[in-house]
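The following blocks contain the structures, represented as C-alpha cells.
In the two complexes that follow, chain A is the common piece, with chain B as its partner first and chain C second.
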Partner chain A sequence: MTNAVTWARRNLFRSPFDAVLTIVFGIVGLFIIHRSLNFIFVTGRWDVIRVNLRLLMIGRFPDTHVLRIAVTVVVLAGWAGLLAGLIRARQVRAGRVDVGATRLSWRRVSDVADRLWLPAFVVLLILMLTSTSGPWVMAIAAVVAAAIGRLIGPYVGRLPLIGLPGVLLMVALAVVPVILFFYVVSAVGFDEWGGFMLNLFLAVCSIVLCFPLGVALALGRRSTLPLVRVVCTLYIELVRGAPLFVLLLLANVALGFFIPSNLTPSTATRAIIVFTLFTAAYMAEIVRGGLQSVPRGQIEAAKALGLSPVRQMGLIVLPQALRNVIPAQIGQLISLFKDTSLAALAMGLFELLEVSTIITSQGDFRGQGLIGETIAFAALLFWTVSYTMSRESQRLERKLGVGTR
Partner chain B sequence: MSEHTSDETASDAMGDTGSDATSGTVSEVFADATQMAGTGEVMIELEHVDKLFGDFKALSDINVRVGKQEVMVVIGPSGSGKSTMIRCINRLEEHDRGRIVVDGTELSNDLRNIQEIRRETGMVFQSFNLFPHLTVIDNVTLAPRNVRKLSKRDAIDMGMALLEHVRIPEQAKKYPGQLSGGQQQRVAIARALAMKPKVMLFDEPTSALDPEMINEVLDTMKDLARDGMTMIVVTHEMGFAREVADRVLFMAEGEIVEVGTPEHFFTDPREERTKQFLAQIL
Partner chain C sequence: MTAALSARVPLWRDVRVLKWVVQLVVVAIAFGIVAWLYGNYIENSQRLNIPTNFNFLDNPAQFQITGNSLSQNAPIRQALYEGFLNTLRVSVAGILAATVLGTLIGIARLSKNWVLRSLATAYVEAVRNIPLALFLVMGLLAIVLGIFPTIAEAWNVVGLMIISNRGIAVPWYVGSGYGLLLLAVAGLAVAWVIARWRRSTSDRTGDLPRSGLWGGAGFVATFAIGWFAFGYAITTPEVVGRATQGGIRIDPSFFALFFALVIYTASHVAEIVRGSIQAVPRGQGEAADSLALSGFQKMWYIVLPQAFRIAIPPIGNQYLNLIKNSSLGAAIGYYDITLVAQTSVGNGSPAVPVFALAMAIYISISLVTSVFVNIANRRMMLVER
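And then the complex of A and B:
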C-alpha cells in the first residue's frame, strides 16, 4: 500500500502541475471508459449484429455454396500450419533457431497465446453471436487442420528433397491458395462476394501482387536505362499524385472507354487492380528508400567477389534493403487493407462498411440509430486485423534483428 | 623521424641523400615501379594509367608491375591515389587511360572480362564490408557457391578450413555484428580467400581497427604472405611494411614518387616528399 502511495506520488503528483494533469486526464479517461463500457454492455443493442452476422461476414453469398467457403477456410488453415511447420524445420536445421526453443514449453505456449489472443478473442466473439452450428464446426475443423499441418510440417521439411522434387513441392504449396480461389469463384462469381470476406480477399490479393510490382518499380527508377527510369518515375509520380478514391472511380467509369465491354473485368477484379497499382507506387518509394540505406561498401564487396549484377542485387542489396524498411512496408499494407472500405462507395462493392450502413435501414432496425453499433463492429474487425499485422511486423523485425546490427 | 628507426640510419638518411642508396639488396631504390620482385613472372601490370574524377587527376601516368608472390606495400598521404590505384585493378573504379593487365587478362569494359578479373582478385576493405544479414560462414561461402558453383557441402568444408586458417572457426554461425572489428576483418580476409584468388588487394585493412586488434589482422596477412600470395597492401603500418614487403611504393598527388625495398625507405629515402611523409608518420 505504501508502495502504491510512493509510486503515485513520484509518478502522478510530483508537482502541482502534474497533479492537475493527473486529475484532469484521470477524469477524462474514466469518463471515456465509463461511456464505452456503458455502450457495450448497457445501451448498445447488438441484435442488429446478431441478425445480420452472416451478411456482415460473407455478404449475399448464396446458401447453396457456403460449404465451399468452409472447405476453403479449413484447407487454408491446414496449409498455413504446414507451411509454418516446414519453415520452422528449415530454420532449426539451418541453425537459426536453437533446438531448445522448439520443445513444447510454457514459454512457447505463452508466446503463441501472446500472438493469437486478439484474433482468437474476436473469432470467439463472432462464434458466440452465430445462431447456427455451421461456423462452430468450421472453426473447430480449421483449428484441427492447422494443428495437424503444423505437426506434419517439420517432417515434410526434413524430406530429402533436392532438385526437381523439392521444386515441385514448393510449386504445389504455392498453388494451393490459387486452386482454392478458383474452387470458390467457379461457383459464385466475384461480384457476388461480400462482407468482411471481400475486404480480406481484396487486401490479400492486392498485397501479394503489389509487393513484386513495387520492388520492380523501385529497381526501375534506379535503372541505368533512361527509358525504364523515366517510365517508372512517371508512373510512380502520377499514381502518387492522385487520390485513391479518384482512381477507384476512374476504374469504375473510365475503363469502359478503353476496354470493350465484353472484356471488362469484374468490379472486384478492377478494385484489386487499382489497389495493387496504387499501393505498388508507394511501395516502390519505400523500397527505394531501403535501397538507398544499403551502404556503398556492400555493393563494392559483392562486386569484388565477382558476383553478377543480378546476384549483387538479389543476394546482397535487396535482402538488406527490404529488411531496413519493414515498418514502412507493413504500414503501407495496413493502410491498403483499411482502404478496401472505399470499394463500396467508389465501385458499389458489397464490403463490410457498406453492409454495416445498409443493415441499419432494414425493416426491423430502421430509424433506431443503430449506426453506432454496426460501425463499432466493423471498426473492431478492421482494428483486429490491422493490429495483428502490426504486431507480426514487429515480431518479424525482432527476428531479423533489424536495428540491432 | 622518431625512435622507430635506429639512430644511425636516421641521421644518415637526413644528412646525405643517396650516398649508398643502391648498395646491395638490403636497401635498394628502383628507377621505376616496373622493376618487380617475386618469382619474376608478372602478375599485375599497370601501364600509363590515368584516372580522373572530374577535373581532378587522381592517378597520372602510373606504371607498376607486380610479380607473382610479391608483396607490395603502397604508402602515401591521404588523397594520394593509392586506394584509387588498387580499386582500378578490380574495376571498382574505371581508369580513363592506359592498360591494366591481371595475370595475362587485360581489363576491358566487357562485363565478363571484368568479372573474370574480379574472381582472380580478392579485396579487403578498410570498413570490412561484411554482409550483415548473413552469418560468418554464409559470408565466406556465398561467392564460391554462386560464382564458382561449388556444392553447399564443399563450400562449407572449404569455408571452415579458411576460418580455421584465420583462427576463428568457432564464430562460424554468428552474424558479423556480433564480432569484434579484428574478427570481422579476419572474416573478410577469409571471404576474399574463399574465391581462391591469385592476387589479394588490401585497402587500409587496419585503419578502422582499435589498436589492440591491429596485430591479429596483420598476423593473418603475414601468414598469407608467407604462403606465397601475391599482395598489394595500402597501409600505414610501417612495421608490417618493413617485415613483409618486398617493395614499398610511395605515392603522392596521383603519382609514384619513389619505389624501393623497405630498408631503403627506412634508412635512406631520396625524395624530399618521401622524407616529409615518413617524418610525419614515424
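And then the complex of A and C:
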C-alpha cells in the first residue's frame, strides 16, 4: 500500500502542475482506451474482414494452387527452424553462448514467450477469423516443422562438415527459398499475387536483392579510384533526392520507354526493381557509415598480416562494418516493408492497403462506412511485422554489443 | 638477384595499370547502361511518335487544379508551377507542425509523469511502425469522409471554423499574399534589430536582455501597423446554402495529406528529440538543478539548446523525407507537382520529359533544403564551440 502511494507520488503527483498533467492526460488516455475498446468489441462490424480475409491475405490467388502456398510456408518454417538450430550450435561451439544457457530453463521459456507472443497472437487472431480448416492445418504443420527443424539443427551443426561438404550444406540451405519461389511462381504469375502475401514478398525480394548492390555502392563511394567514386556518388545522391512514390509512378508509366518492348516486365516485377534500386542507395549510405566506424588499426593489422586488399575488406573490415550498422539496416528494411504499401497507390498492385480500401465498396459492404475496420486490420498486420522486426533488431544489437565489449 | 630487380612487373599485376583498368571498366559499364536506356528511349519514342523535347510545356493544360483559379487553357508550364507551390505549401505547414508536435512528444517521452510518458511512448511505438500511406487513406476516407458531417450539419467551432466533409473552412485575410509575406519579413528584421540592441544594452548595463520578449513585441507592432496601413482585413467563414463563404476552405485532400505527414513525421522527430536530450551530458541537467532553475528553465535554457545542436542533422533528414513524402498527396487528389505531372501525362504530354522535370524539381528542393540544414548545422557548431 505504502509502495503504491510512494509510486503515485513519485510518478503522478510530484507537483501541482504534475497533478494537472496526470489528470488531463489521464482523461485523454482513458478516453482513447475507451473508444478503442468500444470500437473493437462493440461498434466494429468485423464481418467485412471475416468475409474478405482470403482477399486480404493472398489476394486473388487461384484456388487450384493455394496448396503451393501452404507447402511453401511449412517448408520455410522448417528451414528457418533448422537454420536457427544450426546457428545456435555454432555459437555454442564458438563459446559465444555458455552451455548452461542451452538447457531448458524457466528463463529461456519466458524469453522465447516474450519474443513470440505478439506474432503468435496475431496469427491466432487471423486463424480465428477463417471459416475453413485449411489455414489451421497449415499453421500447425508449420509450427511442427519449425520445431523439428530446431531440434535437428544442432545435430547438423555439430557434424564435422569442413571443406566441400560444408559448402554443399550452405548451398543447399541457400537454395531452398529459391526453389520454393519457383515452385509457386511457376504455377501462378506475379500478376495474380496479392494481399498481405504480396507485401511480404515484395519486401523480402527487394531486401535480398538490394543488399549486395548497396554494399557494392558503399565500397565504390569509399574507393580511392576517383571515377568509380564519382559514378557511385552520383547514383546514390540522385536516387536519395527523388521520392520513392514518383519513382514508382515513373516505372509504371515510363519504364516501357527505356527497355525494348519485348522485355516489358510485369507490374510486380517493376515494383521489385524500383524498391531494390531505391533501397540500395540508402543501404549504401548506411554501410558507408559502418565502414567509417571501423578503426584504422584493424586495416593496418590486416595489412601487417599480409592479407590481400580483397581479403582485408572481406575478412576484416566488412564483417565489423556490417555488424556495427545492423540496427540502421533493419530500420531501413522496416521502412522498405512499410513502403510496399505505396505499390498500390502508385501502380495499382493488389496489396493489403488496396484490398482493404476496395472491399469496403463491393457488394454487401458498400456505403456502410466500414473503412475504419479494414484500415485497422491492415494497420494491425503492418504494425505487428514492423514492431516485431524492430524488437528483434534491438535484441540482436544487445547480443552483438556484449561480444564487442 | 639483379635479374629479379630489373624485371618489370607484368602489366596485369601492375597496381597503377589495374587501377585504371578497373575505373575504365566501371565507367564503361555505367555509360553502357545509360546509353542503352537512352537509345531504347529514343527508338521507342520515334516508333510511337512521342516527342522527346520540352515543347509540350506551352500546350494548354486542359485540367483544373482544385482550389485554384488557374484556367484550363493556361499552359502546362504554369500548372506545374502551381503544383510546385502546392508542394511547398503542404511541406512548410507540415514541417512546422511536425517539429512542434514531435518536440513536445519527444520531451513527454522523458517526462517523470507516468501517464504522460506512457501516452507518448504508445504514440511513438504505434505510429512509427505503420506505413504513411495508411494514414493518408485513413485521413481521407475514415476521417474526412467517415467522421466529418455533411455541410448541412457542419460543426461550427466558436464561429471561426466550419468543419464538414467538404473541408475545413478557417478565417483568412483579404488582400495580397505577397504583401503579407513582405510584412512578415519586415517584422522579423525589426525583431532582429531590437533583439540585437537589447543584447548589446544588456552586455553594457547588466540588465536582463529579454530579447525574445522585446523582439516579439517589435514583430507584432510592425505587423499590426502594416496590417492596418495596407488595409488588410479578416473574413470568417459561414455556411451559405451547400457551401461555405468567406475565410478559406482547406481542401479534404490537403487536410488528409497534412494530417498524415504530421502524424507520421512527428513520431520520427520525437525519437530524434528524445535521443538528443538523452545525449546531453547528465551533468548539465544536474548543474541546472543545483542552480535552482525550475523544470521549464532547465529544459529551455540548458538542455534543449544543446539537444537541438545534436538533433539538427537527423531532423533535417526528416524534413527532406517529409518533402519527398508529400508526393503521396497525388494518390488522394492533392494537386502537388506529382499529380500535375501525372494528370498532364494522362492528357497527352510525353511521360518521360514530364517526370524528368518533376524529379529534377524534387531533387532541387532536396538539395536546397540540405544546404539550409548544413548552414544551420555549421552556425550552431560555431556559436557553441
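FYI, the second predicted complex is superposed on the first by the 402 of 405 C-alpha atoms of A that agree within 3 Å, B and C clash if a C-alpha of one lies under 4 Å from a C-alpha of the other, contacts with A are read in each partner's own complex, and residues count from 1 in each chain.
One rule holds for everything that comes next: a residue touches a chain if its C-beta (ideal position, glycine included) is under 8 Å from a C-beta of that chain, and two chains touch if they have at least 3 such contacts.
Fair warning: this is a prediction, and the values are worked out from it, not measured in the lab.
Asks: I'd like to know which partner A:298 touches here: chain B for first, chain C for second, both or neither.
Replies: Only chain B is touched by A:298; chain C is not.
Asks: Considering only touches as defined above, state whether A:228 meets chain B (first), chain C (second), both or neither.
Replies: Only chain C; A:228 stays clear of chain B.
Asks: In the three-chain superposition, say which chain, chain B or chain C, touches more residues of chain A.
Replies: Answer, by number of touched residues of chain A: C.
Asks: Touch test for A:315: chain B only (first), chain C only (second), both, or neither?
Replies: first
Asks: Applying the document's definition of touch, where does A:386 land relative to chain B and chain C: first, second, both, or neither?
Replies: A:386 sits against chain C, while chain B stays out of touch.
Asks: If you stack the two complexes on chain A, which partner ends up touching A:238: first (chain B), second (chain C), both, or neither?
Replies: second
Asks: Under the touch definition given earlier, write down the residues of chain C that touch chain A in their complex.
Replies: Residues in contact with chain A: 19, 22-24, 26-27, 30, 37, 40-41, 44-45, 111-116, 118-119, 125-126, 128-134, 136-138, 141-142, 145-146, 324-325, 327-328, 330-331, 338, 341-342, 345, 351-352, 355, 358-359, 362-363, 366-367.
Asks: Can you check the complex and tell me which residues of chain A touch chain C?
Replies: 10-12, 14, 18, 21-22, 25-26, 28-29, 220, 225-228, 231, 238, 240-246, 249-250, 253-254, 256-261, 334, 338-342, 344-346, 353, 357, 360, 369, 371-372, 375, 378-379, 382-383, 386-387, 390
Asks: Write out the stretch or stretches of chain B touching chain A in their complex.
Replies: Touch list, chain B to chain A: 90-92, 111, 115-116, 118-119, 121-123, 125, 127, 129-133, 135, 142-143, 146-147, 173, 175-177, 188, 191-192, 195.
Asks: Looking at the complex, which residues from chain A come into contact with chain B?
Replies: 95, 295, 297-298, 300-309, 311, 315-316, 319-320, 323, 400-401, 404-405
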